[in-house]
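My structure is below; once you've seen it, I'll send some questions.
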Amino acid sequence: MTDMSWIVLTSTVAAALAIALGVMLPALAMGRAISQALESLARQPESERSIMRTLFIGLAMIESLAIYCLVIVLIILFRNPLLEYLLK
Amino acid sequence: MTDMSWIVLTSTVAAALAIALGVMLPALAMGRAISQALESLARQPESERSIMRTLFIGLAMIESLAIYCLVIVLIILFRNPLLEYLLK
Amino acid sequence: MTDMSWIVLTSTVAAALAIALGVMLPALAMGRAISQALESLARQPESERSIMRTLFIGLAMIESLAIYCLVIVLIILFRNPLLEYLLK
Amino acid sequence: MTDMSWIVLTSTVAAALAIALGVMLPALAMGRAISQALESLARQPESERSIMRTLFIGLAMIESLAIYCLVIVLIILFRNPLLEYLLK
Amino acid sequence: MTDMSWIVLTSTVAAALAIALGVMLPALAMGRAISQALESLARQPESERSIMRTLFIGLAMIESLAIYCLVIVLIILFRNPLLEYLLK
Amino acid sequence: MTDMSWIVLTSTVAAALAIALGVMLPALAMGRAISQALESLARQPESERSIMRTLFIGLAMIESLAIYCLVIVLIILFRNPLLEYLLK
Amino acid sequence: MTDMSWIVLTSTVAAALAIALGVMLPALAMGRAISQALESLARQPESERSIMRTLFIGLAMIESLAIYCLVIVLIILFRNPLLEYLLK
Amino acid sequence: MTDMSWIVLTSTVAAALAIALGVMLPALAMGRAISQALESLARQPESERSIMRTLFIGLAMIESLAIYCLVIVLIILFRNPLLEYLLK
Amino acid sequence: MTDMSWIVLTSTVAAALAIALGVMLPALAMGRAISQALESLARQPESERSIMRTLFIGLAMIESLAIYCLVIVLIILFRNPLLEYLLK
Amino acid sequence: MTDMSWIVLTSTVAAALAIALGVMLPALAMGRAISQALESLARQPESERSIMRTLFIGLAMIESLAIYCLVIVLIILFRNPLLEYLLK
Amino acid sequence: MTDMSWIVLTSTVAAALAIALGVMLPALAMGRAISQALESLARQPESERSIMRTLFIGLAMIESLAIYCLVIVLIILFRNPLLEYLLK
Amino acid sequence: MTDMSWIVLTSTVAAALAIALGVMLPALAMGRAISQALESLARQPESERSIMRTLFIGLAMIESLAIYCLVIVLIILFRNPLLEYLLK
Amino acid sequence: MTDMSWIVLTSTVAAALAIALGVMLPALAMGRAISQALESLARQPESERSIMRTLFIGLAMIESLAIYCLVIVLIILFRNPLLEYLLK
Amino acid sequence: MTDMSWIVLTSTVAAALAIALGVMLPALAMGRAISQALESLARQPESERSIMRTLFIGLAMIESLAIYCLVIVLIILFRNPLLEYLLK
């Protein structure tokens, strides 16, 4: 195989595995936060507003971690800066 | 094997494994959120509306993580941008 | 072995493993949701309607994740788009 | 070994492992749902009807996941669509 | 080794491992269901009839999953449909 | 090594590992059921009869799963049907 | 190495590992049953008779699983039926 | 393959895996902190201010750990100082 | 290496690992039974006699499992019946 | 590949994995400390001052561990003292 | 390497690993028994005599399991009976 | 590769992994100690002095373990005594 | 490499790993025993004498297990009896 | 590579891994003991003296286990007795 073929091949595999692994625990963390929010809502319905605000900020923070992973995967798939060393 | 055959082969395997791994923990997280929603409903039936709204937002957030994974898998299967380096 | 034989072989193995792994945690998540629904029914029999509705929506969401996995597996088995690069 | 022999061999192994892995967690999930149903029955004997209905729907949903796995295994053993590429 | 010898060898190993793995979690699930049934019996002796009925249906459902696994193993040992491609 | 030697060797190893793995979780499940039966006996001594009946049925169901495994192992050791393809 | 040497070697290793693995979880299950029996004795000293009877039946059932494993190991060490194919 | 190709290939794979692994446990830790904040809000609505301040400081500390990982990954992808030894 | 050397080597390794693995879980099970016995003694000092009798029978049963493992290891080290096939 | 290329390659991979592994458990530990601080705040709002001081000291101690890891990774990437043996 | 060198080498490694693995779980079991004894002492100081007697018998039983492992390791290091086959 | 290159390479990798593994559990242990200190502060605000003193001694002890690891890593990176055998 | 070099190399590695593995669980067991002793002291300060005596005997028993491991490691490092077969 | 180079290389790696593994569980055990001491202090402030004495003895015992590991690592790095066989 040519060098380029090897790099295409392994980059594809790495991207697939990285996104699969990278959404795992953020999903679990979201599930935990949401389930706790639901429990808090059932216990203190009158403080729904502050619960919802905290939940949304929290989900955004966790989502940001998954986004880091997605961004790196997209960089690898669409515009890998390391390939410039080879294409020169 | 030709280069292209190797890439087809490993991309297929990676896509299959990535989707299998990538739906695992989102499913678990959903199960957790739903089961907590059911418990909250049984404890506070009168706040059903806010529980359902929180649950749906939460499920959508978790689903989005699984969708990230599905999108990357579909990109790899149907239109892998890295293949352009080889087809040129 | 010819290239095509290798691809058939690994695609078959990957499809089998992917469906086996991909139904694992959705099944667990369903079991969790159902068992919680049963507990809620025993604690609040009068809110059966809203419990059942929430449970069905939840099971459908989890099922959708397993369906993603099944769809990818069926695409690989019956009509793998990557094979077009080779058959051309 | 001939190409066909390799494919027969690996398909057999993959089918055996896939069905073994694929029934694992659905079984666990069923055990969880059933044990919760039994506990609910002991706590609320008078709502037996709605408990049984929920349990049966739940078991059917979980069973469906194991059936997905069984179907893929049977497709691989009896009529693998990928083999047509080779038999042509 | 001849092709047929390799296939006999790996099929035997796969069958042994598949049945060993495939009875693992159904056994655990049964143990869970039975132990819960015993606890429910101790707590509500008068609803023994409905507990036993639910337990038997549940055990049959779990047993069915182990049977799927056993059937696939027996098919592989006694009458593997894939072998027809080779014996022709 | 001759073909037959390889098959004897791997069949022996597979049989030993399969029975070792196959009795693991049934043993655990039995331990769970028995320990729960003992707890129920201590809590409800007067319903000993129905507890013992449920326990025995349960142990028989779990034992059946271990027997499946033992039967497959004995078939492999004493009369492997796949060997007929080679002895012909 | 001769064929026979390989088989002696692997059979010895397989026997040693199988017995080591095969006594693991039965031991754990026994420990669980015994510890529960001790707790039940402390809670209900007057029903010692039925507790002891249940415990002994349970330990015998679990022991039977370990015996299956021991029997297979002894068959492999002392009189492996598969060796007849080679000694003929 | 040339030396540079190997380095590009492995750097890409390492970057993908490192970001996937590196966001895992920070995500879990955030989920834990957020879910506890939600519980505290439900129990002590009047101290919302100090709870939110502590939560934000905590999330920032955890996020900093994920950022360390992201920074190293970006250094590897965009400007790896070790490459200067080779490009000289 | 001669055949005999290989067999001596692997038998030694297998014996060492088998005894190490084989005492693991029996030790854990004993620890569990003893700790429960101590708790029962503290709760019901007057039924010390029946607690001690049950504990000793239980420890003997668990010890028997470790003895199975020790016996197989000693057979392998001192008088392996399979070696007769080679020494003849 | 030249010696230098191999060292660049493995150093890069090791740095990426080390930072990914090294932030994992500090993140988890921080999550634990923060979530406990939030619970303590909800239970004892009046001792906020001493809780915050303890939390900050604790987070600094845990952060120091992650910093050790980051420092070693940066040493490896930017100025590895072992390379002097080769560049001389 | 000569045969004897290989055997010395692997025996040494196996002995080191076996003793390391073999003291693991007995240590854990002892820790469990001792910690329970301490709790029982705190709850029932007046039955110290019977608690200490039970604890000592239990520790001796667990220690015996670790001794089995130590004995096999010493046999392998100092006087391996299998070596006689080679020294003859 | 020259001998020195191999040693530089593996020392670098080992140092990176060792520091990553070596800070893992000390971090977890610190998290546990700190979270317990926070809980104790909330329960007994008046004994803050003795809690803080115990916490600091404990954190110092745990930190010392991580320092052992860091020292060995720095010795390997900056002044490995074993290298003198080679440089002589 | 000469035979002796191989043996020195593997013995060193085995000794390092064995001591690392062998102190793991004794340390955990000690931590458990000590933490329970501290809890008992807080609950029953007046029985400090018997608690301390039991704790010291227990720690000595657990320490003995770690000492077994240390002794075997020192035998391997300083005076391995198996080396006499080679030095003769 | 020369023999000495191989030994230097593997000794360095083994030392790094051994110290990393060897401080793991002692750290966890310390964390457990300290957190329990903090809880006991909060529950029984007046018995601070005996709690601190027990904690210090316990930490010293656990530290001794980590020291065993450190000593073996330092012996391997600075003065490995096995090297005398080679330097002679």
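Residue numbering begins at 1 within each chain, and the chains themselves are lettered A, B, C, D, E, F, G, H, I, J, K, L, M and N in the order written.
We adopt the following convention: a residue touches a chain if its C-beta (ideal position, glycine included) is under 8 Å from a C-beta of that chain, and two chains touch if they have at least 3 such contacts.
All values derive from a computational prediction rather than experimental measurement.
Undergrad: Listed by label, which chains are in contact with chain H and with chain N?
TA: In this structure, no chain contacts chain N and also chain H.
Undergrad: Looking at where chain L touches chain N, is over half of the residue numbers used by both copies, so same, or under half, so different?
TA: Different residues, largely: of all residue numbers at this interface, under half are found in both copies.
Undergrad: Could you state the distance in Å from the CA-based centre of chain C to that of chain D?
TA: Roughly 11 Å, centre to centre.
Undergrad: I'd like to verify one number: the distance from the centre of chain D to the centre of chain N, where each centre is the average of its C-alpha atoms, in whole angstrom.
TA: Chain centres of chain D and chain N, defined by C-alpha means, are spaced 48 Å apart.
Undergrad: What is the distance, in whole Å, between the centres of chain A and chain E, each centre taken as the mean of its C-alpha atoms?
TA: The computed centroid separation for chain A versus chain E comes out at 37 Å.
Undergrad: Let me have the rounded angstrom distance from the C-alpha centre of chain C over to the C-alpha centre of chain H, please.
TA: 30
Undergrad: Which parts of chain L, given as residue numbers and ranges, touch two or more other chains?
TA: Within chain L, residues 4, 11, 13, 15, 17, 19, 21, 24-26, 28-32, 35-37, 39, 41, 43, 55, 66, 73, 83 contact more than one other chain.
Undergrad: Tell me the shape of the graph of touching chains, choosing from line, ring, star, complete and other.
TA: Per interface graph, the chains form a ring.
Undergrad: If the ring is traversed from chain D in the direction of chain E, what sequence of chains comes out?
TA: Listed around the ring from chain D, going to chain E first: D, E, F, G, I, K, M, N, L, J, H, A, B, C.
Undergrad: State the interface residues of chain H toward chain J in the complex, per the touch definition above.
TA: 3-4, 6-7, 10-11, 13-15, 17-19, 21-22, 24-26, 28-33, 35-37, 39-41, 43-44, 46-47, 50-51, 54-55, 58, 61-62, 64-66, 68-69, 72-73, 75-76, 80-83, 85-86
Undergrad: Within their complex, state which residues of chain D touch chain E.
TA: Touching chain E from chain D are residues 1-2, 4-5, 8-9, 11-13, 15-17, 19-21, 23-32, 34-39, 41-43, 45, 48, 52, 55, 59, 63, 66, 70, 73, 77-78, 83.
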